[in-house]
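Shared between the two complexes below is subunit A, which pairs with subunit B and subunit C, respectively.
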Partner chain A sequence: MNHAEQITDATCEIFSSMVMLKVTAKEATKRTKPEFKNSITGMVGLAGTVKGNLLIHLPAPVATSVTTAFLGMDVDCIDDDVCDAVGELANMLAGAVKTALDPSGSDIKLSMPSTVYGESYNLDCLNSGISVLVPFNIEGAEFSVELQLIDG
Partner chain B sequence: MGKTVLIVDDSNTMRKIVSRALRQAGIDFSEILEAGDGQEALDVLANNKVDVVLSDINMPNMTGLEFLKAKSEDDSIKDIPVIMISTETGADIIDQAKALGAKGAVKKPFTPDLINETLGPLL
Partner chain C sequence: MEFAQIIKSATEEIFASMIFLDLSCAAPLTSEKEDLGCYVTAMIGLSGDLNAILAIHCPAKVGTAIGGAMLGMEIEEVDDDTKDALGEIANMLAGGLKEAFAIKKLDLLLAIPTTISGNAYKISTPSGSNRILLPFEIEAGRFYVDLKYSLS
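Moving on, here comes the complex of A and B:
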């Protein structure tokens, strides 16, 4: 199974079983632009035999809708609950990718999840190594999940 | 008298999700207590009668495995069953958790049915 398939399977499973929303994967690509507008990104680092980052990027309106579905409570702006929910989504996605890359669980360590959000922010694109971004449709909107793996 | 569960996770979101999953699974606890890391969990156990603990592994301050070790060294709480709920479900980590006394493990993401299958036999 390639990385795009791992991301797709993990994302679809997490959203169907935990968020109760159906998502549909689009064709995998590679992110070329560093900037995000009115969005939130959740990220978890991978360290050990495989090094890199798992990131989930959501436009703010998508993040609030997802958090509302995830927690069963109304959310209308990015607050602590949204950051925590997006961080936990990143954590579960990273766990799924880790399981695929490291079935024993002892060769790769995951960082604690973190989030960044704002009207405009930049996240570096990976120039070398592996970088896979899978866009997803969700109720007429879009978000994406990205895996960056560093060479060596 | 109803039973009490302690949910240990640094994510407030995940504590809410686990609480919801317990209700959806039809497991009726009279009280649901929460803790944000292993040390908080030890503090809760020291001051409350808890029947079962559901704990994350990867947490700041005191991890789930460190919590299990500390709990196993305290005669007053060592017999309270613990189920691990985590993204960290590699065989090595689960073996470590079971060696420290965990009674089972549930992988995130999970369904209410999976929670019920794992937790039910302990109640």
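Moving on, here comes the complex of A and C:
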């Protein structure tokens, strides 16, 4: 299974079972622009025999509706609950991708999740070998999940 | 374990051996969500016996001063060279932490560094994580080394 399929399977599974929203994957690509506008990114580091980062990028309105569906609470702007929800989504996605990369479960460990958000920010990954981004449709809007990997 | 002391020593060693800038360290900051007035952050996830994020936060002119000194060139604004240099420093700081852990027979695994830049971004980690925020001064101004962790 290639990385785009791992990302797609993990994302569809987590969104249908935990967030209860249907998502559809679009064609995998590479992120070309570092810039995000009015968005939030959740990320988790992968460390061990494979090193990397798993990231989920959501425009602010998508992040708030996903948080509302995920936590069952009304939110209308990016607050601590949205940060926690997006960090937790990144953590679950990283966990699912880790299982696909490392079925024995002993070679890769996940770091603490973090979230970055704001009106405008650039996000660059350094010395990444592999970089795959899968965009997803969700209720007429879009978000994306990205995997960056190097051999450890 | 005395994290603040380990971070201070690792930072001083990197600045003395790789960057060649005079450095002084101030007392750790304690408040949680202050605005550090920074334009560029390099961060790296850590896992193993500590679940953490290590970050270095710089105002633009401090970031370019550090990047320029490390690479031996004039840097006008935060560019890819600056980000690469700061990412490498985050990586080396995490390496310093890993060495200090190894002495105590603890294992620390590193992910890969990411940089965030822009005029308006915030970074959040799960509520309940511990934090050590150490300010350092160089001639160009103040920067911060930030460790957020939970003991795993």
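Operating definition for what follows: the second predicted complex is superposed on the first by the 146 of 152 C-alpha atoms of A that agree within 3 Å, B and C clash if a C-alpha of one lies under 4 Å from a C-alpha of the other, contacts with A are read in each partner's own complex, and residues count from 1 in each chain.
Note that a residue touches a chain if its C-beta (ideal position, glycine included) is under 8 Å from a C-beta of that chain, and two chains touch if they have at least 3 such contacts.
Not measured: the values here are computed from a predicted model.
In the superposition on chain A, A:Glu5 contacts neither subunit B nor subunit C.
In the superposition on chain A, contact is made by A:Ser114 with subunit C only, not with subunit B. By the touch criterion stated above, A:Ile150 is placed in contact with subunit C alone, subunit B being left untouched.
Of the two partner chains, subunit B is the only one touched by A:Gly72; subunit C is not.
Contacts of A:Pro103 after superposition: subunit B is touched, whereas subunit C is not reached.
A simple residue count on subunit A separates subunit B from subunit C, and the partner touching more is C.
Applying the stated contact rule after C-alpha superposition, one finds that A:Gly87 touches each of subunit B and subunit C.
Applying the stated contact rule after C-alpha superposition, one finds that A:Glu142 touches neither subunit B nor subunit C.
The contact surfaces that subunit B and subunit C form on subunit A in the two complexes overlap at residues 80, 84, 87-88, 110, 112. Within the complex, the subunit A residues that touch subunit C are 43-48, 51-53, 80, 83-84, 87-88, 109-128, 148, 150. Within the complex formed with subunit A, the residues of subunit B that make contact are 10-14, 16-17, 20, 58, 60, 86-94, 107-111.
The part of subunit C that touches subunit A in the complex is made up of residues 42-48, 51-53, 80, 83-84, 87-88, 109-127, 129, 148-150. Those residues of subunit A whose C-beta lies close enough to touch subunit B in the complex are 13-14, 17-18, 67, 70-72, 80-81, 84-85, 87-88, 91-92, 94-96, 98-99, 102-106, 110, 112.
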